[in-house]
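As structure tokens, here come the structures.
Presented sequentially are two complexes of subunit A, the first with subunit B as partner and the second with subunit C.
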Partner chain A sequence: MFDLPEIPYLLTLLIVIPLIGAIVSLAMGGEKQKHAKTVAIAFSAVTLVLAVYLMLSNDYSVYTENYSWIETAGLKMSYILTVDGLSILMVFLTALLLFVVSIFSAHETDKPNYFFALLLAMEVGLMGVYMAGDYFLFYIMWEVTLIPMYFMISWFGGPRRHYAAIKFFIYTHVASLVMLIGIFALAFQAAQGGLVDFSFEAVLAGSGAFGETFQMLVFGLLFFGFAVKMPIVPFHTWLPDAHTEAPTAGSVLLAGVMLKMGSYGIIRVCLEALPQGAQQWQTIMFVVAIVAILYGAYACIAQKDLKKMVAFSSISHMGMVMLGIACLSDVGVEFAIFQMFAHGLVTAVLFMTCGMAGHNFGTREIPLLGGMAGKVPVYAAFMMFGFMASLGLPGLVGFWGEFGVIFAFYEYAYSIDMIWLIVFCLMSLMLTAGYYLWAMQRTLFGRLTDRIDTTHVHDVNKAEGIAMGIMCLMIAVFGLWPDLALSLISQYSTGLFGVI
Partner chain B sequence: MDATIITNIFGEFSAMAPMIIMIIGALLMPALYFTTKKRGVVGGALVAFILVSLAVNVILLLGGYVGTYAGLFQYDAFSGLMILLFQIVAFLVALVCTSSIEVTRLHYGAFASLLLGATTGMMFVATATDLVVIFVGVELTSISSYVLVAMKRNDPRAAEAAVKYVIIGGMSTALTIYGLSMLYGVTGTTNLAEIAVSLSTAGFSWAFGIAMITMIAGYGFKIAAVPFHMWAPDVYEGAPTPVSIFLATGSKKMGLVVFFKIFLIMFVAGASVASFATVEMQYLFAIIAAITMTVGNVVAISQTNIKRMLAYSSIAQAGYILIVMAVMSEYALTGGIFHMFTHVFMKGGAFLIVGALICAGIGEKITDYRGLAKRAPFLAFAMLLFLFSLAGIPPLAGFTSKFVLFSAAIYGGDGATSQWVWLAFIAILNSAISLYYYARVVKAMYIEKGTATDKIKVPKAFLAAIVICVAAVIVLGVFPQIILGPASEAAAALFSLV
Partner chain C sequence: MFIEYTWLVPLIPALCFVLVGFFGNKMGKTGGGYLAIAGVAVSCLLSVLISYEFFTSAAYASPGYYTESMTWFTFPGGFEITIGFYVDTLACLMMMFASFISMLIFVYSLGYMGEEGKRKRRYFAEVALFVTGMLGLAISSSFIEMFIFWEIMGLCSYLLIGFWSFNHPEGDDKADNAASAAKKAFLVTRLGDVSLMGGLFVMLYAFGSLDYTVVFDAANIASVDHNLIIIACLLIFGGVIGKSAQFPLLDWLPDAMAGPTTVSALIHAATMVKAGVYLVARCFPIFCEASSVMLLVAVIGGVTMFFAATMAMNNMNIKKVLAYSTLSQLGYMFLALGAGGYMIAIGIETGDTALIAAGSLGYTAGCLHMVNHAFFKALLFLCSGSVIHSTGTEDMREMGGLGPKMKVTSITMLIGSLSIAGFPFFAGFFSKDLIIEQALHAADYGTAGWIFIVLWALAIITAFMTAFYMFRMWYMTFRGPEGPKTQHCHGESPKSMTVPLMVLSIFAFGFGFVLLFGFDGLLSINVDLATGQFFVGGGHAEGLEYLVEFFTNPWTYLTIVLVIAAIIIAKFMYDKRKINPGKFNKNGTSWLYRALASRWWFPELYNQVSWKLGYGVARGVDYVDRNIVDGAVNGLSNAVVGSGDILSKAQTGNVRNYAAVVLGGIVVLFVVILALFYFMGGL
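Coming up: the complex of A and B.
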């Protein structure tokens, strides 16, 4: 966008600054621990500024960093960091959410130094995943995100946190091991008996050696690894547990940027390196996407816990991302990426409102609530705004993602003469609007509930207000001016499928 | 670095220089304890001898020294690196054994002497080019370790462990010597290179088959490969923890070195002229590897005693390293050596923490570790690192070495993917299983609340050894080049022995 002067080692800084922040925060034990939040806010703010600076720069290619890391007779792994139209928004989203949840969690009083250290450690891994240009580094960073999240849930989570944390850990770890096998297969096949170079570039350069059967098999391995993270039905069962038990900040990051690692991986690895495999799996991708969208939406209707409902809505919305990817067209992928970004912004607001419900009202059970709008007007406004953005109200960011994906899907359905398929998408829109409005009606409107003691209920405090305000502003800005994001994405997606 | 400093002193015995120093130490220790009666003095001398020997070895290794003695020993990049491994193990054990309450006060001189003797045996195995030397080296180590296990005389668990160890060890010795004699009958020589050459022209014979089976069984006991693993958990549990470290990280590696020396040289280095049984042996080893890692990991899940759990996990780790024997490539050997090194630090580190906590009065049950993160934050964090490294979580050393080792099973050398992809698959699934029982310990330490809340104090020597292991686990994970380079040279050296 602008011709900004180059900052040396900018991408490494995006990883190192949170890392230093995590260590500093961890070191603030005893009396100093109440200042841990200041540390977290400061370090994440610096990271955010750098990420925005990067996003506004004209040419990212100057920022590519490439150093040889491990070199043996047969293997080569490098430390490669790079950004493009696909990763830049994810980097921005990670930095933004980290900053916002640091502000939001300012009232965290139980072991705050550990809490904020874990948050920043997560940022290290997430930044690494989105910027890695080498499979080895990618895998390492992928696993690095896992451990802080495990501790985040098991230390700061709800009553069933131990079960949820270990389930999350083992489920996603097994998936990433399957993914590792896929990565091995890619790298070794691409090398053709020569030097096995794990960089994305080298694998792409050798992708001519990927036969049809190979593409189908390896696509399956990698797709499984990424689909569990996304998560795609039927591999989603860890998600509701993890979300329900995780603290608010953990949920925001989990839904906002961690699930995106799955869809990012599918686009970055599966689509780029295995285009034929993608063709062979296209039908299955459509089926799982539509099942995820509808199953997620139906499950939302049945939920009594507000947070669990939002968790299932994530499954539904990530299904929308999958649907866009499955179209295997430029438009489909473009809006799938936009949907990833949009869902990241919106879901943050949703989980924050859920967190506040638990914190300020003492319960998240929808049937116990009612008529809260009169009691906590500011909270009600934020919640309505979030729900509206999530159900795709035009003018807000959620609309563009769904609109684009459905458009791409229509285009595809038209090309194979099966326009009736579009009914599923319309159903999902209806269901989404339905469960959100119903939930809103039951919690916010009507007569003030007498099932809980409402005398101590208090409205949004300053830190929460600032955090939610920033997110709502972003939702409105990108909703009214989607081209701000789309112009970046289209640099990546245009021509992606020109060669198939 | 120039190796002439050493060769000038030791002359034609340079190939055995590190061992000679250890032997001198072994002979001096009892006398030293007899005259001074102070554990600290003997402990200091013990560490000093190991460090001198280690320095000599490093100078030889960096100087690229290659030398033989009497056609029985050869010092090259492979033996040098393996000797270094055994010396590191001995150093870690020697560092902590003085301050460990589990090590007897009564015969401390003998303890120190036996420790050096056992290490010397391992080092001889590393340099051996002859079956007889291998046999003698293994016996030197075994007999010393029987006594080391039995030294806690008043503890019935130690006595039981020692008896088990002696009986099983005796049987394995009988099996191996029987196999060696059969092999001698078939080939007419005990020199490894000559055996390889002689076998390349021979056909199958029953004597050869029996030799192979008995030797795999006999040395399989040393590695604790399934189904020869039953003794390991009992012995590791019953022995004083420093001795458990020595057995789990040192003695086991010696068994693997024997496997590398005998079978790799016999079947691969000689296979340039096509050995007749190579493929069958590869499959046999692949099956042993797969069963070993699976049994080790699955049984580890149900353990409640942490030493037993670590013992089973150690069996599983040996299973991973046995992938080398299935793939039989130079690259796989590089990965195997790398994993042997990382295993020393992560498994050794985990056992060190167990030993340190025993000194502080904490039991061996996993439930005793509840709330450890509050009582001993550093130890809990170090344990977390070791366990995650064992499970293969990046960016720790265990991940990097497993990465290289497993990739060797997929990357079959020159050409497309190898036939051992299934083995890599099993290994990776096993890594996933292992995470479950390691995570249980982490959960006990960090999440569950214990009854006691007072801070734990452990001996400084233990802390120093643990710090070394933590540093190694992190540094080798991030800069694997440090050990990968020498490891690939070592692998090349072994393969060029014929």
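Coming up: the complex of A and C.
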């Protein structure tokens, strides 16, 4: 966007700064641990500034870093960091959410040095995943994100935290092993018996050697690996448990940026390297996407725990991302990426408000609440804003994601002469409005509940207000000016598949 | 010089929304009310200036609109999303009456909401945002922009219906009721909005843009598949049905009366529910592609008009009576637009210019009734608000004999009632009579013309019912024996409330006369048969000839006689109490009475559908999710680990077993992949 002077090693800095922050925070034991939050906010703020600087730069290619890492006669793994229109928004989102979450969690008193170290460690892994230009590095960073999240849930989580943490870890770990096999298959097949180079470029260059059957099978492996992360029904059951038990900050990061690793992987790896495989799997992708959208939405209606409801809504909205991807068209991919970004912004507010219900009211059970708007008006305003953004109120960011994706799907449905298919998508919009409004009716409005003690209920504190305020502002800005994100995305997605 | 700044019209209230929303309570005890009034007054003034400039400009003669728009962003494949403003006669009319009525209602709110304390900030911020939505809708230059404002109005409607959904001054039951009504209003209109959104997809793909100038261009319409346009029209009409509360999505509106009366007047009578009428009028160039679409519009309108009127007949809640009458009057508008559009569609098919001119009159009648209704229904609601404010009840049985105590309210409400009943020379008379005439006229054309005979008959019966229930309401409130609350009423409302009533009553009486001074020429729709291009305005104005036309038509007298008869019957029933209404409904036990009291079972239907299709399926999905999908996951892990509860394992920290699971998985998958490579000769 602007012609900004180049900062050397900028991409590495985006990984190293949070890493240093994590170490510093971890080292602040004993008396000093109450300053851990300052460390986290400072380091994540610097990262955010750099990420924004990067995003506003004209040309991302100058920042690519490429160093050989492990090189033997037969294998080559490199340290490649690179950024393009697809990853830049994810990098920005990661940096933004980390910063916001650090502010939000400023009142964390239980072992804050560990807590903030884990947060920053997660940022290291996430940044690595989104910037990696080498499959091996990608895989390592992918695994790096798992560990801090595992500890985040099992140390700072709710009553069933051990179950949820283990389930999260094993489920997604098995999936990433499947993905690893897929990656090996890609790299070895592309090498054709020569030097096995794990860089994205080398694999892409050798992708001519991917036969039809190979594409189909390897696409399946990788797709499974990524779909669990997204998550796609029926491989989603780790998510509601992980969310219900994770602390609020963990949930925000989990839903806001970690789930996007799955859809990012599908676009980056599956679509780029295996376009034929994608064609072969297209119908299945459509089916799973629509099932995820409707299944998630219906499951939301039945949930009693606010956070679990939002977790299922993530499944539904990530299904929307899947639907965009499945269209295999420029519009579809562009808006799938936009929807990823939009969902990241919106879901942060949702998890913050729903998580706060636990801290501030003592319970997140919808049937126990009621009439809270009179007690906590600021909280109610944020919750309503988040819900409205999530149900796709036009003028806010969520609308454009859904609008674009459904439009892409309409385009596809038109091309196969079955435009009635969009009825499923439209139905999901209706269901989404239904569960959110019903939840608001039962928690915020009506008579004040007498099922819990409401005398000690307190409203949003300053740190939480600032954190949510920033997110709401972003939701409005990108909603009113979607081109801010779309112009970046289109640099990547235009011409990827062409127009249907 | 003003028309370039049309975008300011919705922007000024938007600014007021932000300022009042954040700083309202620092602006004195009106909570930012004065700022909101000032903002909407500026918008109103600007609307008038813009309209004047437009009507005197060259753009009015040709092409009939003035538009400026820019590309907001584009989709890959050249699909353009534009944003801007589009000024034509319809837009001018819309923004003038919407901003004017809003301003009056804001002033009235100073008195009506006077006891709300700090909550006034929220009230004025939300109504300012609402006005932004309404004015934005009026001047939008593309469907997508229109849809955004359309939804903003829906949001404000939700927020304002639920204004008392917590800490209700009259207790918890009312709060629950308001919360439920707000949800219902949003969801039912959302159903329509989702349909409208579907229409937008169809059109965006077909036309490559949603800009009005592109979509309404005859050459573009001709190049698009005819069936797609019909599908788009039907989907758009689905949105209209939701927003304007037409059959079968009509039942949210009576519930919406749980909000403050000013909100009912502004949103649920004068402006937002007109958005659907506006949209149909706006979409004439595509709706007229098929006479069947227009027939549907007319039938839906006619059915709603009749059914809603029946439900008003025995309701005891003053606001609900008005709500049903709103539905019924909206039905009239759709009947008019449908009949006019039907004639235009057939006129285009047969190349009959006279028929197109006749159809244009239906368009004019629908739009005129829209404005007239905005005036008299806003007036009626505000009057009812004045009564409620004074007596503290909405139940008409507790009122009665209020006339002497509330002179201004009773007289202005009488004017409003006469106007809505269609008493000669009141505003409602002109538009309603024109509509009834149009319905009969349309019956002469096309194979489906006979349907219009039925609709015409319904329209006349409804006119009778309208006069009856309005005067039933008026007599029950202001005449007859005094009710229990009459003694304790606070007398006439303050000036801030009565002055808007008086201003509105002038319009409720007199606005119909615009028809005699060339309104039909200004707001007509014409088709250039050579190119098929539609354009608004520039039509032939019949002026005073209408008077001759009305009073030489024998059917006019039938309507007038029925209206007067209805008023007299109401007087004998509810003022003189000579006729006992109980005779007709077997004291509330007849099936018809029960059907009406349960609103033709619409609420029941909604509940059943949403409960079964929504919650029922959801419970099923939840069960499957817990027991089958997640059950399989837990079952698998138990089978592999070879022990009972995964939870207890996790808590004992027995991670080795999980490591075994992982390792086992890896081995299996490696074998699979190696086999795969072997099979394909990759290694």
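Note that in this section the second predicted complex is superposed on the first by the 497 of 500 C-alpha atoms of A that agree within 3 Å, B and C clash if a C-alpha of one lies under 4 Å from a C-alpha of the other, contacts with A are read in each partner's own complex, and residues count from 1 in each chain.
We adopt the following convention: a residue touches a chain if its C-beta (ideal position, glycine included) is under 8 Å from a C-beta of that chain, and two chains touch if they have at least 3 such contacts.
These figures come from a predicted structure and were not determined experimentally.
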Problem - First (subunit B), second (subunit C), both or neither touched by A:123 - result: neither
Fill in the blank from the handout: Between subunit B and subunit C, more residues of subunit A are touched by C
Practice task
Check whether A:185 is in contact with subunit B, with subunit C, with both or with neither, and answer first, second, both or neither.
Solution key: both
Handout entry: Which superposed partner A:177 touches (first subunit B, second subunit C, both, neither)
Key = both
Exercise for the section: Scan A:166 for contacts with subunit B and subunit C and give back first, second, both or neither. Expected result: both
Exercise for the section: Classify the contacts of A:245 with the two partner chains as first (subunit B alone), second (subunit C alone), both, or neither. Expected result: neither
Exercise for the section: Using the superposition on chain A described above, determine whether A:464 touches subunit B (first), subunit C (second), both, or neither. Expected result: neither
Handout entry: First, second, both or neither for A:490, with subunit B first and subunit C second
Key = second
Exercise for the section: Would you sort A:151 into first (subunit B), second (subunit C), both or neither based on which partner it touches? Expected result: first
Handout entry: Residues of subunit A contacting subunit B in one complex and subunit C in the other
Key = 162, 165-166, 169-170, 173-174, 177-178, 181, 184-185, 188-189
Completion exercise
subunit A contacts subunit B in the complex at 70-75, 136, 139-140, 143-144, 146-147, 151, 154-155, 162, 165-166, 169-170, 173-174, 177-178, 180-181, 184-185, 188-189, 192-193, 196
Problem - In the complex, subunit B residues that touch subunit A - result: 331, 334, 388, 393-395, 399-400, 403-404, 406-407, 410-411, 414-417, 424-425, 428-429, 431-432, 435-436, 439, 443, 446-447, 480-481, 484-485, 488
Problem - subunit C - residues contacting subunit A, complex - result: 72-73, 75-77, 79, 147-148, 150-152, 155, 158, 162, 165-167, 172-173, 175-176, 178-180, 182-183, 186-187, 190-191, 194-195, 197-198, 201-202, 204-205, 231, 610, 614-615, 617-622, 625, 629-630, 632-633, 637, 646-647, 650-651, 655, 658, 661-662, 665-666, 669-670, 673, 676-677, 680, 682-683
Handout entry: Complex contact set, residues of subunit A against subunit C
Key = 160, 162-163, 165-167, 169-171, 173-174, 177-178, 181, 184-185, 188-189, 211, 213-214, 217, 221, 233-234, 236-238, 295, 298-303, 329-331, 334, 371-374, 388, 393-395, 403-404, 406-407, 410-411, 414, 419, 422-423, 426-427, 429-431, 433-434, 437-438, 440-441, 444-448, 482-483, 486-487, 490, 493-494, 499-500
